[in-house]
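Everything on this sheet refers to the single structure shown next.
Just so it is clear, A, B, C, D and E label the chains in written order, and each chain counts residues from 1 on its own.
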Amino acid sequence: MSFLADLVSLAAIGAGVFFFIAGTVGLLRFPDSLTRLHALSKADNLGLGLIVLGLIPRAENPLAAFKLVVVWALVLLSGASTAQLIGRALRRGRE
Amino acid sequence: MNASLLAGLVGAALVGLGLYGLIAHPHPLRKLLAFNLVGSGVFLVFGVVARRGAAAGYAFDPVPQAMVITGIVVAFAASALAVALILRLAVASGGVSLDPQGPAGRDAGEME
Amino acid sequence: MNEILLAAAGLIVAAVAVGLARILRGPADVDRLMAVQLLGTGGIAALLLTAYATAVPGVDDVALGLALLAAFATMAFLNHLDAGEGGAEL
Amino acid sequence: MTATPATTPGGFLLVLAVLLPAGGVLLSFVLGGRAAGKIALGLTPVGFGLACLVAMKVAAAGAPIAYAIGGLPPPLGIALRADGVSAVMMVAAAIIVAASAFYARAKFVMPEGAPESRGALTFWIMIQAIWAALNLIFVGGDLFNLYVALELLTFAAVPLVCIDGRPETLRAALRYLLFALFGSVSYLLGVALLYGLYGALDISLLAQRVEAAPMVWTAAALMTAGLLAKTALFPLHLWLPPAHANAPAAASAVLSGLVVKGSFFLALRLWFYVLPGLPTAAPSVVLGALGALAVLFGSVLALRQARLKLLVAYSTVAQIGYLFFVFPLAAGAHVWSPLGWSGGLMQVLAHAFAKAAMFLAAGLVAEALGHDRIAGFTGAARALPLTFLTLGLGGLSLMGLPPSGGFEAKWLMLRASAASGQWLWSLPILGGGLLAGGYVYRILAPALADGEVEIKARPQRSREAVALGLAVLALALAFAPRGFFDFLEIGRPSVSRSAP
Amino acid sequence: MSVLPLLDVGLALLVVAVATWTMAARDLFASVLGYVAYGLLLALVWVRLHAPDIGLTEAAVGGGVTGVLLVTAGKRLDALKAATSGAAPRLRVKILAGALSALVAGALAFVVASLPTPAPSLAPQAAAAAAGPGAGLGNPITAVLISYRAFDTMLEKIVLALAVLGIWSVGADAAWGGAPAPLRKARPDGAMVLLAQILAPIGALIGVHIFWVGADAPGGAFQGGALLAAMWMVAMMARLVEAPRIGSRALRLALISGPAVFLAVGLAGIAMAGSFFAFPPAFAKALILFIETFMVLSVAVALPMMVAGPPEGGQEP
């Protein structure tokens, strides 16, 4: 059981790290602000989400696991809202 | 090299960097950022002292840690006051230069 | 296992640190802001990973605080864009 | 230093002396501008009484009085201690705050029915906060607690500088704030190092533990540099003249007379109370040399000012220089140390009263004439005799002519420099007096000359009397009895009790 | 070989690099954003120093609220086109500044490296006192702040009130008594409003939680208050609520309630426990929570008021 949990953790955290790296590469290499924004959102949502997913099996108690989920939900909410706001501002700026 | 010595060296570097900025940057907002660098460097030194003082079942000495919290509050208040002054100066005089403009006298002199 | 968590934290910090090059390069303020936001998210991830590996108590609350304020500076920035103060410089 | 118990009879007075004006600040904030003036004015006699009580307790005990806050003695808790010097400074602060508050009524007390004004609320609250901070600086026994007191002082003093809102006052306030913040943070860094070395921040505990080590010198240097920036000692004086010259006169009197003395007082605490056991001769000479340069530069710049308030402010830069002669002249436990100590403290008091008087008088001149350009003073002394008398008497003390506190201070310092064989210090002491004579002459000569000035508004007699009263006090210090100097020695570490 | 030291070194280098960039950046706003990133990184450093209480403070104040303060200031300065900032110092001055800074940093590094071992510490005394004056507090930092060094903490809250007044006093005479403006400049935008509507209540809950656990775990009045302050600012930015008028009696009461209650309880200590700022052990925890509740209120009100700046609306002189 613990082996299985570790395996899930490893896989999720590994994937999380991958999305952070991908997000960074996108932020650096994509040609304009809108596409960079897209890359950033991926790191925000998926990267952190996967890390949280990987840590949940290791949480000592349900409250700690719950806090992990809240952290992710907050970042997701903020990230999604600001992405939309930035996107709209960028479009306005272009017009 | 342990973590607290490392943090202490970072603190020293931050104090140096900030001190340079405080002297060399003419823009008051940049000076304010520099002051905050110095401040956080000093707080890190406190943090190092606290971490080294781990004893009696505590992972740190709580006294310097409490002082840092007081210090961060005061540093923020200082930043806010400085920002208010800078913005007001920019509105009132159209610039943020700290150099006294011309003879500080002005012909009106002091009006009480 | 803990070493793996720390290594993951290190990789994430390294990645977002590279991403900070966007603060240097810009070109627009929005690009810089996005780099800061990426740093915030990556910082939270690294914080959680380190906390679970080294068992410092209370770190999950620090992460909560950071997550709560993840978009704080961005909101202030957008406020000023919307107010028409410098929207053109985007 | 004789060990003082954590709490002595009468020690609670020290807490009250800080909490009284602090409570006034809070109450004023809620009740608003008009009540604030009444609260501040109403508290001044009470605070003066408290300061006198403290002085009496110290005199009666012949030893410092102390209070451990929360019943917790240092190192974990915070102790307050008042020795002879603290008590004298508290009394002086109460007098100058009271005089400035009384003087400021004309400007900042609001008529019935008027809405609260920005200037009134700010002035009354900040002046009470300055008072609370100074009292804490005079009695604080814990270096971090003193840091909080220094910050309280900064946050109260800076807004007073720009109370009238003109761009140049904002610029002066901002410069002042940046210098003061640098000063605080540098001081705080030294505090952190001392704590890291000795695990205590209580002054008397540290005094027992410190040793002459490079780390202690680094800490002391950082703290001193910070305090010098706040005291505006040359070459960190640049912020002072615009700040003090642009504040309202009542605020300038407090800023120049008292606020810069707060950080100077902490420098005294550091070198004479925390580090007295160490060989401090070399750093003392450096501080004294900076003081000598300050006397020279400040006086020469004062000679060149066209505006009265700026002249008086540059004179502060010069007079601050004198304070620092106390370091070479009173360091260590020599027979001549008490002379230097008495001279230094006498200079603190004499300058506080004389300078407060001169700033109040300068404010009256500016109000009466509508300007404070010295060139336009021709004949003004005849129109404003009391006010120019105040400027003259204050100037007398700055020059160091008898009978005045300034004379007494310089005479004691000269005797100390002769007795100690450090006769070089007598050059800036005497030279500064001559230069002071020059800039005081610059004010008085045109005023006494024949001519007509247009008086826009005749100053109130009571306000002229307040300023004159302070100037007279500066002179009266010359007649301080021998017991007064014995009192200043109470609680001073490791010094044989011998009066000058 | 362990990974942790590598992580620490990497973090340290990153902090110094971002700090250097903050000082070196040409563009003012870029430098401001560098500082915001720096604040975030510092929170991580604090956790590595086993100081989650400070990490939380740094995250909320150093990164969060200061970030908004500086971003707002940077954008407003841009908008004002207030470019004249005085001449850059001459090369000679720069070299001198560099030498002085290097000297100070070097001396400091030397001192930090030669701090005594074993380090002096008040942790044993704090642990011993936890049975008495700080009774019932599991978090030693809270005990230090509210009990052993109550005097510092009370005065520091007065400093906050003074800072608020000092900031108000910079405003125009005509605007006195009115409300500050900058936080409510935005046109309410759907996404922003939605974000604030969800974030603010959750954040307020978290703030209260962090204040509440602060007696025994990392957290406390200041951190909780700072998070509440941030949430109030979020609500103001989305125009869910308006900034209060500075003449409002309720606002002023809230601002000083923390130090005032602290001062009153401190004075009462002489009757209750024989000394100013002493708490009778039987009620110590209850009294401390009582004081802290008002401190949370004061902090939650003071920080947004400081960021919001002086009242506006009157005519510029």
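Rule of thumb we're sticking to: contacts are C-beta pairs under 8 Å (C-beta built on N, C-alpha and C of every residue); 3 or more make two chains touch, one makes a residue touch a chain.
A quick note: this is a predicted structure, and the numbers were derived from the prediction, not measured.
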Remove chain C from consideration; what is left forms one piece
Along touching chains only, what is the step distance from chain B to chain C? 2
Give the chains in contact with both chain A and chain E, ordered by label. C
Is the C-beta contact count larger for D-E or for A-C? D-E
Which chain's mean C-alpha position is nearest the mean C-alpha position of the whole protein set? B
Using each chain's Cα centroid, which is most distant from the centroid of chain A? D
Just give me the whole-number Å value for how far the CA centre of chain C lies from that of chain D. 47
Could you please state the distance in Å, as a whole number, between where the Cα atoms of chain A are centred and where those of chain B are centred? 33
Measure off the straight-line distance from the CA centroid of chain B to the CA centroid of chain D, and report it in whole Å. 25
Chain A and chain D, separation of their C-alpha mean positions in angstrom: 57
Shared-interface residues of chain A (touching two or more other chains) are 70, 74, 78, 81-82, 85
Residue numbers of chain D (touch at least two other chains): 76, 144, 148, 151, 155, 158-159, 162, 165, 170, 189, 193, 195-196, 199
By the touch definition above, chain C meets two or more other chains at residues 33, 35, 56, 61, 64, 68, 71, 75, 78, 82
Chain pairs in mutual contact under the definition given at the outset: A-C, A-E, B-D, B-E, C-E, D-E
Chain B partner, complex, touching residues on chain E are 4-5, 8-9, 12, 15-16, 19-20, 22-23, 28, 31-32, 35, 38, 42, 45-46, 48-51, 53-54, 57-58, 61-62, 65-66, 69-70, 73-74, 76-77, 80, 82-89, 93-94, 97-98, 100-102, 104-106, 108-109, 112-113, 115, 117, 119-124, 126-127, 140-141, 143-145, 148-149, 152-153, 156, 159-160, 163, 166-167, 170-171, 220, 222, 299, 303, 306-307, 309-310, 316-317
Would you mind writing out the residues of chain C in touch with chain A in their complex? 1, 4-5, 8, 11-12, 15-16, 18-19, 21-22, 28, 30-31, 33-35, 37-38, 41-42, 44-45, 48-49, 52, 60-61, 63-64, 67-68, 70-71, 74-75, 78, 81-82, 87-88, 90
Sites on chain B touched by chain D in the complex: 15, 22, 28, 31-32, 35, 38-39, 42, 45-46, 48-49, 52-53, 61, 63-64, 67, 70-71, 74-75, 77-78, 81-82, 85-86, 88-89, 92-93, 97-98, 100-101, 103-112
Show me the residue ranges of chain E that touch chain A in the complex, using the header's touch definition. 189, 191-192, 194-195, 198-199, 202, 206
In the complex, chain D touches chain B at residues 76, 107, 144, 148, 151, 154-155, 158-159, 162, 164-168, 170-175, 177-178, 181-182, 184-185, 188-189, 192-193, 195-196, 199, 241-242, 245-246, 248-249, 306-310, 362-363, 366-367, 370-373
